[in-house]
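Sharing a structure below in structure tokens format, with a few things to ask.
As written, the chain order gives the labels A, B, C, D, E and F, with residue 1 at the start of each chain.
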Amino acid sequence: MENLISLWASSGLAQMQSGQLIMMLVGLGLLFLAISKGFEPLLLVPIGFGTILANIPGAGFDAAPVYDALGHLESPGGLLYYIYHAGIETGLFPLVIFMGVGAMTDFGPLLANPKTLLLGAAAQVGIFTTILGAVALSHFGILDFSIREAASIGIIGGADGPTAIFVTSKLAPDLLGAIAVAAYSYMALVPIIQPPIMRALTTPAERQIRMEQLRPVTKAERIVFPLSLLVLVALLLPDAAPLLGMFCFGNLMRESGVVNRLSDTAQNALINIVTIFLGLGVGSKMSAEKFLNPETMGILALGAVAFCIGTASGVLMAKLMNSVSKHKVNPLIGAAGVSAVPMAARVANKVGLEANSQNFLLMHAMGPNVAGVIGSAVAAGVMINLVSGM
Amino acid sequence: MENLISLWASSGLAQMQSGQLIMMLVGLGLLFLAISKGFEPLLLVPIGFGTILANIPGAGFDAAPVYDALGHLESPGGLLYYIYHAGIETGLFPLVIFMGVGAMTDFGPLLANPKTLLLGAAAQVGIFTTILGAVALSHFGILDFSIREAASIGIIGGADGPTAIFVTSKLAPDLLGAIAVAAYSYMALVPIIQPPIMRALTTPAERQIRMEQLRPVTKAERIVFPLSLLVLVALLLPDAAPLLGMFCFGNLMRESGVVNRLSDTAQNALINIVTIFLGLGVGSKMSAEKFLNPETMGILALGAVAFCIGTASGVLMAKLMNSVSKHKVNPLIGAAGVSAVPMAARVANKVGLEANSQNFLLMHAMGPNVAGVIGSAVAAGVMINLVSGM
Amino acid sequence: MENLISLWASSGLAQMQSGQLIMMLVGLGLLFLAISKGFEPLLLVPIGFGTILANIPGAGFDAAPVYDALGHLESPGGLLYYIYHAGIETGLFPLVIFMGVGAMTDFGPLLANPKTLLLGAAAQVGIFTTILGAVALSHFGILDFSIREAASIGIIGGADGPTAIFVTSKLAPDLLGAIAVAAYSYMALVPIIQPPIMRALTTPAERQIRMEQLRPVTKAERIVFPLSLLVLVALLLPDAAPLLGMFCFGNLMRESGVVNRLSDTAQNALINIVTIFLGLGVGSKMSAEKFLNPETMGILALGAVAFCIGTASGVLMAKLMNSVSKHKVNPLIGAAGVSAVPMAARVANKVGLEANSQNFLLMHAMGPNVAGVIGSAVAAGVMINLVSGM
Amino acid sequence: MESTLVSQGYDLLLYGMGTVFAFLTLLVGITTLMSVVVNKLFVDVPEATPSAVLNASNGTAGAGSTVEPRILKVIQAAITQHRSKK
Amino acid sequence: MESTLVSQGYDLLLYGMGTVFAFLTLLVGITTLMSVVVNKLFVDVPEATPSAVLNASNGTAGAGSTVEPRILKVIQAAITQHRSKK
Amino acid sequence: MESTLVSQGYDLLLYGMGTVFAFLTLLVGITTLMSVVVNKLFVDVPEATPSAVLNASNGTAGAGSTVEPRILKVIQAAITQHRSKK
């Protein structure tokens, strides 16, 4: 009978708190978005599942290990505890993912037209104006964000998952769940968020601008570029070196052509393994007390604003460039500067085709698209440096 | 000369104890069974090799690292030490393997005929009667098992390697070597152990029962099933959530169809890496003092009993179901309820074909076969909960 | 304004020390050798890149984590810190690589002609005479090496990267960068270093010696060989057991034919992942104070000497064997005894073809080539044992 | 305490087996219900079960199944090209 | 300290956006210069950009690109052999 | 203690090289013996050595060797089918 009571007392139903139940529904909701709506499933499936696991009362996925006085293990920790502390708190998982992303990235279009880097810079305006928004909400007492939290919210506008997770795990780990969910959800919503803004800020004539075909890029340029970027980062912005260093490392493995074994593994087995665990680990931060509060609503709202401003400033920057240069760019590709690789570039292509069914912008949009990755990694470095000193 | 003495003194021959020598022969024996007889080689090759490595006198595979007073590493630990403490003591390796097994599992036949879940439940009788046997041996002073040890021995009857390792590493880590070896050996012996029991408990007419063709199962059912199972576990049996949660996660990655990259990695690179290390780590527990004792003989004997009882109760449950339902099942598929996927299902098919060469039972036996995995994970959860409170 | 100062103060340019700048150039030089000259790129690309990363001032790749008094993480460590301490200091990475190398090694040619093992033994003379050289430099006050450092320098002559890293991480971790760079560079220079020595020590008639075709080797021999080697190591030389044990384990997985999944993963995903991290981790030891000193010059010079002596003693041993045996071996294959698999075997083949365009030595040279791997692992075990007791 | 040990064993048998049966019986019901509900909500093309299961029972299927369609396409192209050259 | 918070926000906007623009503008210059210098130093066959980019935009390209050349070679051999048998 | 250092070096040379030679000479004997015994016990089809070695000398052989037999089989089937259609 005691055993029956023990079994019942340890059952989920007996221990379930309403917050946990709601968070499990949130997890199911994320899985629905990922599987049924195709929202960035590679991350949202593990995050959603991790959310459910972390909120099962009594399952101990998030439990810390217990040691006795002599340092022997009395009871082991939970899976999500180990994943979070080994891979996310240390920053290792986002860095390994960045290496893999570097190994998948083709800088060819960027090298053929380097001035599109400026579009990737402009789109980061979204990050910083969003910080101002978060600070303002705090100033007027509507919500309560510290400057570290505001900076982490802003990075959602970088439209780059690993960067957002890296920054947030350093500046505001309690917000990790909300910020990761916002970042990946809005990246998935790029085809819905961006087109109206792009159309509103451009004339049909601008949308029909044809760009000259990209020049071919040599192998030597492709090899020297990640090294040049690395040296520039090392000299000027060491705070961005972890992210951009690993990114350049991955890209050098790809382009050097002499370590294809390693490049293939970085792009496949390794990034897949880390993605599974990163997603589960983020899920472990999706607890009711950290997610079910007005601040999360604020984060979601501010994240949407960040994407909109980033898109707009990319487009406007392209128009500004056209006003001073004789080599015209189609302003639609400015929207790809938010990154969200390769979704935003595809959106630019699609909106371009609507205006003129012969105007293929995909290759041209890949330049600002990858520039946006560099831009947000630079922004991340600056913010970590400045905020840590504030 | 001193050096010559030092070299001789550090040689294996000078330090070898008889127990270590015997354990190295045990390791060679496991390798022989794995390579020459095909006994579950994926696990028994690493376990056998790990057994030899762990018993090389003076090689330090099992040595703990030594730190000085300031916390600096003075001498690093051995490979098997790190593997055991990082992956097995924490439970991480069995959970990652369960994720991979989930990604390899097809619940289609189970979904087409859900009542075969009951066969997977019945076969777990083997687990619990074996516990009773171990307790009885202890009661009569023949061997000496605590209740934690008895529960770990019982789980051999679950016919599921990672589950057995997970439970034993929590309840009775000293028995890990013997129990893992017994579990995998008997899984390999299923084609020898099961058929006589199956024939003894069924009539030729029963063995010839033809089952209706399985209905096709939709993709939506396949996706919703792991989530339903997860929710049920979360509500009722959180102690089974680590194992079943990771199992359902792997299966959802498989069936969702949107994260094939991750599912492929979980089924291949990741599970293979972890399998190598899990096997070596289990081998590190195969020391003479823990393996060469009468208890090991008892464990091997009780494990065989567990398999036999499990097989018998699966078959008898099928006959019971036939006596109350008009949809007859072939009682041979009840034997597949012990799990040992997919070996036990193939055995059911083979014995079925002996009775009637046109009666293909493989698909029908896959239902109880995967149900047995769920059944033993549930049993594992209950036991960990109850035994921890005893 | 303060922020501007903070940004400038934290920039690489403001913090850069001349040593770091030079080390970054060293890193770029290694990348140039690896990518443009094809010097062992699988290791030198990660080592070169790791060198640059470790020397970026202010980037913290090498920073230790900081914990507060309660043991909570205040600031996480850098990527290279974690890699070095988890994988290199513990010896885990070289061991996992050795397992993968074992899974890629074909002992067939060695089994067909076991006496070529003696060539692999002779070539290790290079290791031990180099130790004497290092000790002599120290004795005459030219450079300053302890016996532990001298032993680590000698192992460069083993022409086997993971063995060199394993020994050095145990005996002289501060020299790890210089020794790893020397080992891999000279392995890449084998086609330049070896041929003149080979030609100088042989007559044209000797270089034209035709060897009898190798007998076919059975599967059973291939399976039993790694086990025999393991048992011999266990009985006689447990200090060599970590390296040779993992090597034999990999080879057994390959040859047993029953665990192809595991063997494939050990040869591909797993060894690639570990190679990336091993290289980066070695790079973390490439700091100015440890690399930019006269000792490094000494290490590079002694390493070259070690390769030369190893090559010569392999060739001379072959000539000695010819003087006592009626089965003649072509003395060129003695040079392959240094290991540097498979480069040295190809060099032997090439020099042989120069002497006689019909004399294919590749298969014959593979025997001493893999024997050299065993030889240097044995030498590593002896040295670790003897030096630790000195 | 041997009697306690035996009674602990009986307790495990009783509550353990009870839970296993209760849980899996409940799962039979939930699964049946789930299938009905899901198949009403989503009208969906059923997959061919047998080949999928054969796949699952074969440990190395993962790699194979990703490679083969690509290979088949390449071969198709090669044959078409070959035929057109004649 | 709310005013401080707001001023911190402005500082981030100012210095952050300034650094991002300064860095990427500099990178435009460096990249352009690099391309000129590198292409003078190495005379090199340019690669076809479009297919490479398509590859990059496709997550699973990695595996594919390593397998295909080998497959094509095998097929080529098979066809040659087949033709020679006729 | 420099003299000690030199003598340590000599000791390493002597005992080290001695052990290496002793161990590998013993291994020559053991291997030869093993081959004789094993080949008496198991009568076994020998494998073609050369191709296996070529494989080993090529770093990326692992993947290749698992893919090629499957590819060859598919191609064989494709060619047979193609031929039968004519």
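Basically, a residue touches a chain if its C-beta (ideal position, glycine included) is under 8 Å from a C-beta of that chain, and two chains touch if they have at least 3 such contacts.
None of these values were measured; they are calculated from a predicted model.
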Interface residue overlap between copies chain A and chain B, same or different (over half shared): different
Most widely separated chain from chain B, with each centre as the mean of CA atoms: E
A-E compared against A-C, more contacting pairs: A-E
Interchain centroid distance [CA atoms averaged], chain C/chain D, Å: 46
Centroid distance [mean C-alpha coordinates] between chain F and chain C, Å: 18
Distance between the centres, which are taken as Cα means, of chain E and chain D, whole angstrom: 39
Per-residue multi-chain contacts in chain D, two or more chains: 11, 15, 19, 59, 63, 66-67, 71, 75
Contacts with two or more other chains, residues of chain C listed in rising order: 3, 7, 42, 236-237, 260-261, 264, 268-269, 382, 386
Complex contacts: residues of chain C adjacent to chain B: 85, 89-92, 95, 99, 170, 223, 227, 230-231, 233-239, 241-242, 245-246, 249, 252-253, 256-259, 261-262, 264-266, 268-270, 382, 385-386, 389
Chain B-facing residues of chain A, complex: 3, 6-7, 10-13, 15-16, 24, 28, 31, 34-35, 38, 41-42, 45-46, 49, 52-53, 56-61, 65, 73, 76-79, 82, 268-269, 272-273, 275-276, 280
Touch list for chain B against partner chain D, complex: 42, 104-106, 108-112, 114-115, 117-118, 120-121, 124-125, 127-129, 131-132, 134-136, 138-139, 146-147, 150-151, 154, 214, 216-222, 224-225, 228-229, 232, 236-237, 260, 264, 267-268, 341-342, 345-346, 362-363, 366, 371, 374-375, 378-379, 382-383, 386-387, 390
Contact set on chain E toward chain A in their complex: 2-3, 5-6, 8-13, 15-17, 19-21, 23-28, 30-32, 34-35, 38-39, 41-42, 44-50, 52-53, 55-57, 59, 61-63, 66
